[in-house]
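Take a look at these structures.
What follows is a pair of complexes built around chain A, which joins chain B in one and chain C in the other.
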Partner chain A sequence: MIEEVVRYAGLAMLVAGGFINLVGAVGLIRFRNFYLRLHAATVSTIGGTFYPLLGLALISLSTPELGEWRFFMGGSLLTAAFILLMLAPAGSHALARATHRASVARPEPVIADHLEEDRGG
Partner chain B sequence: MRRHIVLVSIVLSVSALAYATTYLGALGPLGFDTRLLAKLFLVYAYNPGAPELTVMSPEAVTSIVWDFRGVDTLYETVVFYMAIVAALAIYRGIGYSSSGVRGAGLSLIVRVVTKILIPMNVAIAVSIAAHGHLTPGGGFQAGAALAVVSVLLAVVFSALSFGKLGVSLARAVALRSAGLLTIAAVVLAPVAFGVATGIRGFLMQNYVKLDSPLAFPTHVSGQLISGTLIWLNLAEFFAVSFGFFVIFMLLSLREDVVREQLGEEHEH
Partner chain C sequence: MRRYVPVAVLVFAVYIVFSGSVSPYDLVIGALLAVGVSLAASRYLVRDPSKACSIGRFARLVWYALYYLTVAEFRAHRKVIGIILSRDMPVRPAIVRVPYRARGEYTVVASANSITNTPGTVVVDIDTDKSLFYVHWIYAEGLDPETAYENILKDFETRLSRVFE
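After this line comes the complex of A and B, so read on.
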């Protein structure tokens, strides 16, 4: 019973990840400037890769046919998901920060730029 | 309209090619000899029943790379060695001085995440190298994985961090040379042993041959180490990773520092 619940939760996460990937791809094409597109790319990495990895971990852990190997697979998937959860925001943060400092992508219109205000610009 | 024509023609030609190659059999029957060759490699990669033909490694790719065609891989390593020698020759006389370089690196967030990541990266690289004879991977892949650390250090913590961590160009070159010398020692060991004892030994010999009883130990306390493969993988790991370290350290030199030192050289 509990295995069924865990497996369907994992499958739901997989499907949700696919949908989020699609949304992220549309956003990457349709959004207007660099920062908004970066947001769409991050939606794809976190929502479209982190959730499916968690879902796959749940599916593999709830499949007794895999034997002891399911812990190996589930653990690897959880580790990969954790590393991704840590790295993707750091990467997009570094990109956004470097772009802002170099002023190479000026969004139009700018409604609020607290980073510029803090720097006294 | 033109885009639609391009799209339709791509779809049509791909489907026609797919139909022709699968259902019509346009490529002809699959070559029997290719399959036979693959079967031979798979059968003899780990086969204690045929000791004079086997490599004693369940990883068929590593068996091929470091034993069946080992000399080929040896020359690939030499080519990589020559590339690094060329890079060092181009940058000769240019020191890795930190004068006038201010380096704070990227923001705190990225630095903390990288600090967590680098030990994992080193552990994964060592694991890939040490399991090269059991799982996909091997010395070169592990070296490339460790080389990522040098790029991360240069980009995230600035090129000054090499000096802080005690990684200098001279040390990287020395470690890379140590790896290459280990490869040479493993390759030449059977011949040297054969010359010393009067038994026939071959270059890069791993396990017993029909006319040579020499063999590297295949097991250490019950663990399979596959004779020469683990030593060659670990030595290649050192040679490749520190070779990449040299390259990336040279590439992370600031342009104005290099120009300054070059200018001084020309004035002499």
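After this line comes the complex of A and C, so read on.
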């Protein structure tokens, strides 16, 4: 009984993650500049990667057919999810900062750019 | 001595969870790794041993993670998914100044990571002299630093200060 509940919770996370990834991909196409697209990409970080990995961990833990290996799979998926949670923003920070410093992409449309003002723009 | 314990416990726990087994082989390797890594890295990671050993702070970190991963993320995802799927895509993008009050490095990094991980806000740059984050905000409710602080950072920072400060 409890195994069924856990497995369906994992499956729900997986399906929700698929939907969110789809939305993120649509956002990447529809948004008009680099910075807005970055937001579409962060949608896929938590909703589209962290939660599906958690869901996969739940599914593997609730599948007795896997034997001892289910703990290995579940454990490594769990660790991967949390490490991703901590490291993914570092990539976004580096991308955003480098793009703004090098001015390779204008943040247009924009209603205010205080970073540009403070840097002596 | 107390400086080394938290790092060793963390490394051992990660090793055991990752390997998913409690066989004598894994226990021994995990313990050796924990001792080695904590001897090498503790002096860079732990500045105040009494904070790192506190169970109460750890409990508040777990509580923050639960709150952040469910309530805060759900709210932000709903908003950005709404923007992406709506017909006219109502955005009000701006790069705003967000002043932070935190002093500790862990608090600042955890706040910045929390802001970037929530869809709709990305930290573009940081000014450590003036204690400012520059945040790209997809739907700016207001441009002055106080409004931005209230909307973006306050919630995360007050909770994280109770863990790390």
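Assume the second predicted complex is superposed on the first by the 114 of 121 C-alpha atoms of A that agree within 3 Å, B and C clash if a C-alpha of one lies under 4 Å from a C-alpha of the other, contacts with A are read in each partner's own complex, and residues count from 1 in each chain.
We adopt the following convention: a contact is a pair of C-beta atoms (placed from the backbone, for glycine too) under 8 Å apart; a residue touches a chain by one contact, two chains touch by 3 or more.
This one's a predicted model, so the numbers in the text were calculated from it and none came from an experiment.
K.L.:
Record, for the superposition on chain A, whether partners chain B and chain C clash or fit.
P.N.:
Once both complexes are aligned on chain A, chain B and chain C fit side by side.
K.L.:
Applying the touch criterion given at the start, work out whether A:Leu38 contacts chain B, chain C, both or neither, answering first, second, both or neither.
P.N.:
In the superposed model, A:Leu38 contacts chain C only, not chain B.
K.L.:
For A:Leu11, select first, second, both or neither according to whether it touches chain B, chain C, the two together, or no partner.
P.N.:
Touch status of A:Leu11: no partner.
K.L.:
In the superposed arrangement, does A:Arg97 touch chain B (first), chain C (second), both or neither?
P.N.:
Both chain B and chain C are touched by A:Arg97.
K.L.:
Pick one for A:Asp113: touches chain B only (first), chain C only (second), both, or neither.
P.N.:
In the superposition, A:Asp113 touches chain C alone.
K.L.:
So, A:Leu66: does it touch chain B (first), chain C (second), both, or neither?
P.N.:
Neither partner.
K.L.:
Looking only at chain A, is it chain B or chain C that touches more of its residues?
P.N.:
Comparing touch counts on chain A for chain B and chain C gives C.
K.L.:
How many Å separate the nearest C-alpha atoms of chain B and chain C in the overlaid structures?
P.N.:
In this superposition, no C-alpha atom of chain B lies closer than 5 Å to one of chain C.
K.L.:
Which parts of chain A are touched by chain B and by chain C alike?
P.N.:
86, 89-90, 93, 97
K.L.:
Mind pulling up the chain C residues that touch chain A in the complex?
P.N.:
So the residues of chain C touching chain A come out as 14, 16-21, 69, 73, 77, 80-81, 84-85, 89, 91-97, 112-113, 116-120, 122-125, 127, 132, 134, 136, 138, 140, 143.
K.L.:
Can you check the complex and tell me which residues of chain A touch chain C?
P.N.:
Against chain C, the touching part of chain A is residues 20, 23-24, 26-27, 30-31, 35-36, 38-40, 42-43, 45-47, 50, 68-76, 78-79, 85-86, 88-90, 92-93, 96-97, 100-101, 107, 109-116, 118.
K.L.:
Which chain A residues qualify as touching chain B in the complex?
P.N.:
These residues of chain A touch chain B: 83, 86-87, 89-90, 93-94, 97-98.
K.L.:
Can you name the residues of chain B that touch chain A in the complex?
P.N.:
106-107, 109-110, 113-114, 116-117, 120
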